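What follows is a set of structures to go through.
Each of the two complexes below includes chain A, the first together with chain B, the second together with chain C.
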Partner chain A sequence: MSNSQHLGRQIEFMPGNEVVAEAALAAGCRFFAGYPITPSSEIAHHISKRLPEVGGKFIQMEDEIAAMGAIIGASLCGLKVMTATSGPGFSLKQENIGFACMVEAPCVIVNVMRGGPSTGLPTQLGQSDIQQTRWGTHGDRPVIALAPAYLDEVYTETVRAFNLAERFRMPVFVLIDEVIGHLSERLEIPDPSELEIIDRVGPNVPPEEYIPYDSSQSDVPPMAAYFSGYRFHMTGLNHDRTGFPTTTQSICHSENVRSMRKVEDHIAEIEKFENYLTDDAEIGIITFGSSARAAIVAIDDARQRGVKVGMLRPLTLWPFPEQAAFELSKHCKTIIVPEANLGQLIYEVQRVTKGNSEVVGVNKVGGVPIYPGEVFDKIVECSGKK
Partner chain B sequence: MKRIDLIICGFGGQGVIFAGELIGRAGMLAGMESAQSSAYGAEARGSACSTGVVLSDEPIDYPIVRQPDILLAFSQDGYRAYASLVKSGGQIFYDCDLVRPASIDSIEQTGIPATAEAAAIGNKNVANVVMLAKMLAATEILPQEALIKSIIEQSSPAYREINLKALVLCQLCNVVCHPKRSEGSRLDE
Partner chain C sequence: MPVSLKLENLLRMEHLPHMWCPGCGIGIIVKAMLRAIDAMGWDPRDVAVISGIGCTSRAPGYLNMNTLHTTHGRALTFATGFKLARPDKQVIVISGDGDATAIGGNHLIHSCRRNIDITEIIVNNNIYGMTGGQYSPTTPLGAKAATAPWGMVEPSFDIAKLCIGAGATYVARGHVGSGVQLERLIRGGLKHKGFAIIEALSNCHTQFGRRNKLSDPIELINHIAAKTINVKEAAKISPEEMRGKFAVGILFQEEGREEYCEAYNRLIQRAQATLH
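The block that comes next holds the complex of A and B.
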């Protein structure tokens, strides 16, 4: 990156992974623990240099599991925290992600997706962790995942990920893919004064009156920090408002439901998507990340041929923008779902469009991004205008 | 819309990806939209690698280069992989000590002793800058000043001076070697 100072609104040219790191710092991230893994390593590399400059700490842990544990610990001590990884590391983190959900520790997990399964294609593109993000760790829990496609969005969505994590006391995922992580492009970094920064709500009672899971005022309990004079217990077991384990069915049930409500009752606040030429669309496209950038080119080409096609692009991938997808399906005979996997988001699209449209995929794995021509061919095939 | 697609290819360690970063940043500094992507293997040194750069006067939606207008080749393998993808009317610049070109219709090919000239300048690692300077002089896709600024901003302190030296020397003595057509074989043979 350049030698220019990080003050004021500025034009930059840097890879997506470094954009994630810079945005995290702007959002207030002061602790990062990670284990290097391509294609996410530049995030750790860049933030390891930058965190000490702002009084933060970087730790390279012995593996991804430990890195996830470390950020949960630092979060419970009051810091804004992040880790970054890719497919195999994301799989390893799943158990501790569940723990973060259970103790309601705000944290940001960035997954720069590559080809899989297993070690797969370390240096090449994949978008194959869509359903793992939703269902990867066991148990019922809320999920927020953001999927930016352009580098200015990588910046703003990473900041938003921290805000949502702090606002709702939960892990928030940023899903990018190898193409976006390694892509450098011209982007405008906002002035810090333009950013909305949300901090977690702390206790408004003295330590002796603090109840760690007191949800009497809000489904998001005020959160104290360790080593600040407040003593409290954290466990991965089902617990009551005191933080100590319980097996009382009614409490376990209500606490689980409360946790889900944090997202379910605030969809409008969390949801974010872009409609591109959808108003008169007879064919719809729903996709995200680098696949969406191929789809836009295909849509413009197809429109020139007179095909009425448009795209719904979720920036919040989970929770999925159900209502927007349903509205699109009302006037589209076909919805195309391009994704660099063998069909994952398509299941959600099929579920929420309730049979209104025929839903078809454009799928490719093997490390190469989806080409505009591949989406264009599918649009033409579905339009019958060969 | 004016859009120029470039591919630079070679092996890890030749500064291929860095050359892409330099030209990408130079495009941005010249006021254009600019996107640079890269492809490489698991090894840090020696495996095939390439970088694609898109320069455009409009926002760039699809940032991946599939058919370049301009190819810069630092290895025979890279040349073999990408030369046939260059658009008709496009240009290929290759390191003439490392690449034996084939004859391709409707493509202008220019051999540049980039690595040899870089060694003469004092460090063969600046072959990437030599190649970029000669390509810019021949194509004028960007002003040389943009590349100077890009080198100043993008280079590590250890390489800033010698990169600038390489650029200035190339601007002063714009010598290129043109291969004889008979040296090569047809690409499809």
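The block that comes next holds the complex of A and C.
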């Protein structure tokens, strides 16, 4: 796409990674720092060309850790920011992700997942970072992770990632996998006027009255930018509402709990999922990303054979749509969780379905996506209609 | 050199006294930095001071400016985001030797290479103070540390040479025995357009001195001062005579090399010109 001005809705045919970059620009991203890593690199390729065109800045940092630090720095100065990475790079970023949570810096981190552990399968698919996204950095912190499966969703969910980051002052993850990042398909890009764009809330008090973590009105404290005339301190240490370090147990505890509430108390606003033929389902499928694209084909085939199967597809992996999964489990004797790993999301499904259903995985690693036939076979096996 | 009476405006007086040990050199270096900032006539609202982890990295909390205390070794990465977001503002990083040259070594050399307009003050006290006296990349050969009970076996970095080699365009070295000289060297770095490094040789009598028969702060400061030699004098003596000595003053300065943010702004202009 060479033109930055969309006139009305535009039909495009482009790869997922470029969709991420274009959506970020539409959301207002004006700073990107990254480090080369497959299979996410095309996001950096595309945005390094496009950002200067809109007056933004791209920098390729010396390592993944540096890229994460740079986007937090630019965010604290008031810009909307993003980085993109894959498996090993995501591991490297974890400490600074925790820092962004601690100082409550809005930022978007895209992880185009590949096979692992370690260097693993750099150019091939994996859905290997589901639990790393939830638990990767040390300590307790809220998590929002979006997992679009189709490229029009990649666009809208990337925009939403920026909105959620700004709204809740926290890192937001976009988890796609190698297949979604590299496939090209037709998508409809909304006119900019149709997009909801959310900006962080600034202070409504003069600098001398500003308290950086004043949560008296909201669990999301109003945020001043550095160099805006408001002088304040931020630290990765536990801190009180003034932003200065404290070791007072009651304050450390209550501030940590407050940060968790930013997500826990706004589930309805954050959570997103899609139900496909679940109303009468006796077998449920819960999956996401490229595995969901395979599952939907398998479901259609199984329905033709008379198997009552349907799918809950979370677009937010974190927070996981607990209630929707629980409802599904009430009428499904079996829930199948296909994922291109050896069993990660399945732990969450088992937890939230509270034993209502037998929960079984369809798991495959080694670099190729889960195929429709593999999900179909599991559906047939679970239905007893061999 | 007149001592400014306005330094209190640059301090968060309500957060003092500081947490450093009595006699610590960091106080001398921070004071030199504040006097240099004051001498520049900058509005403190336009100045950011960013740090990583360690004793030195606690300095920003006491300064009434835009201050950020980041993760270990990574201050320069955050500072790079600051400077690119606001090239019109002043960005200063203050780090210890372990923070800047061990865990943060990669960011140090690449900031030098980019020539981004950030001034970094490295407080080199040859030890990890806060974590309990472990050896750092600048602990002298043979010196004792919590993790070098038999004496340091690794050679040291020469921080100034490292930065010159990596492409910094202003490299100076001072020491805690002369706050006035330090102020002048820091001011030179603040004035300089490009990446500036000021290495400040400092005393950690608590963690370094105590293990090396230099536990008295004045004695250790004198010991450091005795090892320094003015850069002009250093040029006159042989490498053999320089062994164990540290040249102080402005060691390297190159004006005219394009600063990173300016280069990037030109890139933006080129990119936007192709659209019209």
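Rule of thumb we're sticking to: the second predicted complex is superposed on the first by the 379 of 386 C-alpha atoms of A that agree within 3 Å, B and C clash if a C-alpha of one lies under 4 Å from a C-alpha of the other, contacts with A are read in each partner's own complex, and residues count from 1 in each chain.
The working rule: contacts are C-beta pairs under 8 Å (C-beta built on N, C-alpha and C of every residue); 3 or more make two chains touch, one makes a residue touch a chain.
The shown structure was predicted, so the numbers you read here are calculated from the model rather than taken from an experiment.
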| item | value |
| --- | --- |
| Contacts of A:254 with chain B and chain C, given as first, second, both or neither | neither |
| Partner chain(s) touched by A:323 [first = chain B, second = chain C, both, neither] | neither |
| Chain B versus chain C as contact partner of A:73, first or second or both or neither | second |
| Broader residue contact with chain A after superposition on the shared chain, chain B or chain C | C |
| First (chain B), second (chain C), both or neither touched by A:218 | neither |
| Which superposed partner A:63 touches (first chain B, second chain C, both, neither) | second |
| Which superposed partner A:53 touches (first chain B, second chain C, both, neither) | second |
| Common interface positions of chain A, toward chain B and toward chain C | 4 |
| Of chain B, residues touching chain A in the complex | 21, 24-25, 28, 33-42, 60-64, 66, 153-154 |
| In the complex with chain C, residue positions of chain A that touch it | 4, 31, 33, 49, 52-53, 55, 57, 59, 61-63, 65-79, 81, 95-96, 99, 103, 226-227, 229, 231-237, 244-245 |
| In the complex, chain C residues that touch chain A | 12, 15, 44-46, 48, 50, 60-61, 64-71, 74, 76-82, 84-86, 89, 106-107, 109-110, 264, 267-268, 270-272, 274-275 |
| Complex interface listing, chain A residues touching chain B | 2-4, 11, 13, 38, 122-124, 179, 182-186, 293-294, 296-297, 369, 371-372 |
